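So, here's a batch of structures to check.
Across the two complexes that follow, subunit A remains constant while its partner is subunit B and subsequently subunit C.
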Partner chain A sequence: MTEILQQIINGIAIGGVYVLIALGLTIVFGILGIAHFAHGSVSMFGGYLTFFLAAQHGIPLALAITIALITGMVLGVLIELLAYRPVRHANHINAFIVALGLTMMVEGANLQFFGAEQIVIPTGATRVFSIGGVTLPELRLYVILAAAALIAAMTIFVEKTKTGQAIRAVAENRDAAILMGINVQMIPLVVFAISTALGVAAGVMVGSLFAIAPGVGEGLVVKGFAVLILGGLGSIPGAVVGGIVLGVTEALAAGFISSAYKDVIAFVVMIAVLLLRPQGLMGRA
Partner chain B sequence: MKFKTLLMLAALVLFLALPQLITVKYYLHLCILALIWVIMAQGQNLIQGYTGYVSIVQAGFMGIGAYSSALMGSHFGLPVGMTIILAPLVTAVFALVAGYPSLRVKGHYFAIVTLAFNMVIFIVLLNFTHLTNGEAGISGIHKPGYGRGAMIDFYDRQVYYYFVLAIAVLMTTLAAVIVRSRIGQILLAIRQNEDLVASVGVAAWRYKLFAFVISAMFAGLAGALYAHYQSFINPEIFGVAQSMDAILAVIIGGSGTLTGPVIGAFFVVFLPEYLRFADSFRLILYGLILVLATIFMPRGIVGLARDLGTRFGGRK
Partner chain C sequence: MLEIQSLRTGYGPIEVVHGIDMTVREGECVALIGANGAGKSSTLKTICGLLPARSGQIRFDEQDITNRKGHAIVKAGITMCPEGRQVFPGMTVMQNLRLGAYARKGADLDQMLDMFPILRERAGQAAGTLSGGEQEMLAIARALMSQPRLCIFDEPSLGLAPKIVAEVAETIARIKATGMTILLVEQNSLMALRLADRAYLFEAGEIVLEGTGAELQTHPEVVKAYLGH
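Presenting the complex of A and B:
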C-alpha cells in the first residue's frame, strides 16, 4: 500500500511537469491553431540555460531561473514572429512542418551550445521528508507546489485579467475580436511569451528532478500532446487531470510493470482514451 | 503532356545508365539508398501529400518491414524473395491497428498520435531483445537468391541497384494508379474538404485508413529492401528523426505530385552527405532548410520548376 502511495506521489510530481507543458501547448493551439511541436526543445533550452548560468557561472539559482524565463519569453516571441507568422494563412500542415523544422533547429542549437552530455541542475534541496513510510523528497514537494502555483496563476490570468479576456476572445472568434478593438497582431506574441515561460519552468523542473539530455524535449512535447488528448482539447481542467493521470500511470507502470516500457504504457492509455472517449476525459461530447 | 512523357523517359534512361556513369562506389551505395527512399517517400506522399494527413510513423513501419523480413528468413527459413513480399503485409496489419485509433483525431493531433506510435515501435525494437536483439541489432541478413546458386548475384552492388530501381519504378507506377483512380480522387477531396466529402455520403474514414495502410506498406517494403541490402539492421534508423526525413522528402520534392518524392528522396539521402562539413551545425541547417522551404517554397522543387516553366516557356 505504501509502495502504491509512493508511486502516486512520484507520479504527481511528473504529472505537474506534464501539465505545465500541456498548458503551454493548449494556449498556443487555442489562439493560432498550430501544434507547437518545438515547445519541448525550447523548454529544454530553458533548462540548459539555467544549468549553464547556475552551475557553470555560479549565478544564484533564483536569478538564473529568472534570466532563463526572460530569455525563453523573448525566444518564444521571435519564433512566433519569424517562423509561424509567415505561414499563418497557408495550409495548417505547413505550420506543423515549420514546427518540425524549428524542433530540429532548437535541438541542434542545444547540442551545439550545451553539448551531448546529460546535465542535472543542482538545487541544494536534498532533505527528505517521511510521512508514515512514504518518502517525499524536498525537491519533489517544491516542484509540485511550484507547478500548482503556476497553474493557478495561469488560470487567474486567462479568466480574470483584461489581456486574458482578449486571448479568450481571439480564440473564440477572431473576426469579432478585431471588431471589438483587440490588437490581434499583439495577442499571439503575448501567448507565445506565456507559453514559453511555462515551458521553461517545466524545463527547469525536469532538469532538477531528473536530467536533461538530447531528445528529452521531444519526448516531453509528445507527452504534452498526449495530456491534451487525454484531457480534452482546449480545456485547462482537462489538461490538469490529463497530466496527473498520465504522470501517475507512468509512475505506477514503472514501479510495478517495467520501467523500460513505461512510455509504451502511457501511450496505450492515451490510445485507449481515444478509442473509448475521443473527446477526452473532461471534454464535452 | 508529350513533353512530360519525354521527360519521364529521359529520367528513366538516366536511372538505367547511372551505374555506368558513377565511378565512385560510395555514390552507387547512396543511389541505392535513395531509391529505397523513393519508395518511402511515395508512401508518405499518399497520406501526407494527397490525403493531407501528416503521419510521423513511416520510419517505424519501415522498421517493422525490415525486422519482419529478416526474422521470417532466419526463424522460418523462408526464401528472401518471399519475405520481401510478405513484409509489407505484416506491416499492413500493424498499420491497421495503429491507424484505426489515430484517424479518430484530425490534423495536428493525428500527427502526434502517429508519432507516439513511432516511439512505441522504437521502444519495442530496442527492448524486446528476445526477438530483435535490442540495440546490437540483427546482422548477417541474407540477400535475395541466397543459397540457391542463383544466376543473378545480388551481392553485386550494380545488380541490387537495378533490383531496387525496378521496384521503385513499380511502386511509383502503383502510386500513380492509386492517385488517378476513384480512390485517389476521394483522397484528394478529403485533403481539400473532409466535411464536404462526408456530407455527400462517402465514408471518409475508410479511405483515410486505406491511404494510411497503403503508405505503411510502401514503408514496409522499403524497410525489407533496406534490411537485405545492408545485411544489418538496428533500431537506430527507425526512429522519429527518420520519419521526419520522409516528411522532408515530400515537402522538398513537392507534395501531392508523383515526381516530387523521387527528387525529395535523393535530396534527403545526399544532402546530409554534403552537409558533412557543417558537422554539428548540420541539424540546425537541416531544420532551417525545412522552415525556409515551407515558408518560401511550399510546393517544393516540382512546384518551383512548374512556376518557372509557365513563366518562361508559356507551357501549362
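Presenting the complex of A and C:
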C-alpha cells in the first residue's frame, strides 16, 4: 500500500511537469490550431538559462527563475510574431513546417549557448520528509506545489479575467470574438507569452528534478502532445487530468513492472483510453 | 448614421456585392431582403470588418470606417448579432453576456436579464446546451451588452420554429421601440418588412428596389418573388 502511495506521489510530481507542458500546448492549439513542436526545446532553453544564471553566475535561484520566466514570455511573443504570424493565413502544413524548423533552431541554439553536457539545476533542496513510510523529497514537494499554484493561477486567469475570457472566446469562435470587440491580433501574443512562461517553469522543474541535455525537450513535447490527446485537444481541464494520469501511470509502471517499459505502458494506457473515449478524457464529442 | 457608397466586396476571386449605395438614419429600422446569395450577409460582414471591402466607402457618424479592424468597429458603436447565433458554446450564459460588454467598461447584467428572463433561468448553463430559440435570445442580448448605437441582425429567424420566430420578431420590435437604430437581414421577408421602416431589395449583389416597409410589402415584384402570394 505504501509502495503504491509512494509511486503515486512520484507520478504526481512528474505529472505536474507534463501538465505545465500540455497547458502551454493546449492553449496554443486551441487558439491557433498550431502543433507547436518547438515548445519542448523552448522550455529546455528556460531550464538552461536558469542553470546558466544560477549555477554559473551566482544569481539567487528565485531571481534566476524569474528572469527565465520573463525571458520566456518575450521569446513567446517573438516566436508568434516572427515564426507563426507570417503563415497564419496559409495552408496548415506551412505552420507545421515552421514548427519543425523552429524546433531544430532552438535545439541548435541551446547546444551552441549551453553545450552538450548534461546539466542539473542546483536547488539546495535536499531534505527528505517521511510520512508513514512514504518518502517525499523536499524538491518533489516544491515541484508539486509550484505546478499546482501555476495550474490554479492559469485557471483563475482564464475563467475570471477579461483577457482570459477573451482567449476562450477566440478559441471557441474567432469571428464571434471579433464581434465582441476583442482584438484578435493581440490574443495570440498573450497566449504565446503565457504558454512559453509555463514551458519555462516546466523546464526549470525538469532541470532540477532530473537533468537537461540535448533531446530532452523533444521527448517532453511528445509527452505533452500525448497528454493533449489523452485529455482532449484544446481543453484546459483535459490537460490537467491527462498530465496527472500519464505521470501516475508511468510511475506505477516503473515501480511495479519495469522502468524500461514505463513509456510503453503509459502509451498503451493512452491508446486504451482513446479506444473508449476517442475525444479524450475531457474533450467534447 | 450609416452611409454606404459604391461598396464592392467578395470572397477570394469572386465578387458578390457589386457597388451598392444605402443609408441607415438614426432611430430607423432598415431591412435588407432578397434571395440567398444576393449579397446581404456579405454586406453586413463588410460593415462589421469581418470581410474586407474592395472599393467604396462605409461611413458611420460621419467617420470613414471602411476596412477598419473588427474590434475598432465595435468600439465605434456597431454590433452584430451574427447568422447562426454564434454563441460561445462551452461558456456559460453569463460568460457570454459579459463578453458582449468586452469593449466597454462595466456590464449591467441585471437589466439584460430582466429583459430576457429565460437567460436568468439558464445563467449558469453552457450556452451550447440551450435550445435554438434560447441561443438566439442569448445572441441578441449579448449584442446589446455592448450598448451599441447601431444593432445589426443577420438572419435572426434562421432555423427556428415558427412560434420562436414570432418571439424573435417581437423582441426586435421591443428593441426598436427603445429607439435603437437597426439594420436587419432576414430571409423571412414578411417579418422583415413588417419590422422595417425602410427596406432594400438585393438581387445578385445589387440593390434593385428601395422603399418603406409598407410599400415593399405591396410591391408586385416583391410580392411575387418573396412573399409568395
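Side notes on the structure shown:
Note that the second predicted complex is superposed on the first by the 283 of 285 C-alpha atoms of A that agree within 3 Å, B and C clash if a C-alpha of one lies under 4 Å from a C-alpha of the other, contacts with A are read in each partner's own complex, and residues count from 1 in each chain.
As a convention for this text, a residue touches a chain if its C-beta (ideal position, glycine included) is under 8 Å from a C-beta of that chain, and two chains touch if they have at least 3 such contacts.
Computed from a prediction, not measured in an experiment: that's the story for all the values here.
When the two complexes are overlaid on their common chain A, residue A:P60 makes contact with neither subunit B nor subunit C.
Looking at the shared chain after the overlay, A:P237 reaches neither subunit B nor subunit C. In the superposition on chain A, A:A176 contacts subunit C only, with no contact to subunit B.
Touch criterion met: A:F267 reaches subunit B, while subunit C stays clear of it. Look at A:V184: by the touch rule set out above, it reaches subunit C but stays clear of subunit B. Once chain A of one complex is fitted onto chain A of the other, the partner contacts of A:V98 are limited to subunit B, with no touch recorded for subunit C. When both complexes are overlaid on chain A, the residue A:P122 reaches neither subunit B nor subunit C. Of the two partners, subunit B and subunit C, it is B that touches more residues of subunit A. In the superposed model, A:A83 makes contact with subunit B only, not with subunit C. Judged by the touch definition given at the top, the superposed model places A:A166 against subunit C, while subunit B stays out of reach. On subunit A, the surface touched by subunit B in one complex and the surface touched by subunit C in the other have no residue in common.
Interface residues of subunit A facing subunit B in the complex, by the touch rule stated above, are 29, 34-35, 83, 86-87, 90-94, 96-98, 100-109, 111-112, 218-219, 222, 225-226, 228-229, 233, 260-261, 263-264, 267, 270-271, 274-275, 278. Looking at the complex, you find that subunit A touches subunit C at residues 162, 165-166, 168-169, 172-173, 175-185, 284. Within the complex, the subunit B residues that touch subunit A are 48, 52, 54, 100-102, 104-105, 107-109, 111-113, 115-117, 119-120, 123-124, 127, 240, 244, 247, 251, 280-291, 294-295, 298.
Residues 48-50, 69-71, 74-75, 79-80, 82, 86-91, 95, 98-100, 102-104, 142-143, 146 of subunit C touch subunit A in their complex.
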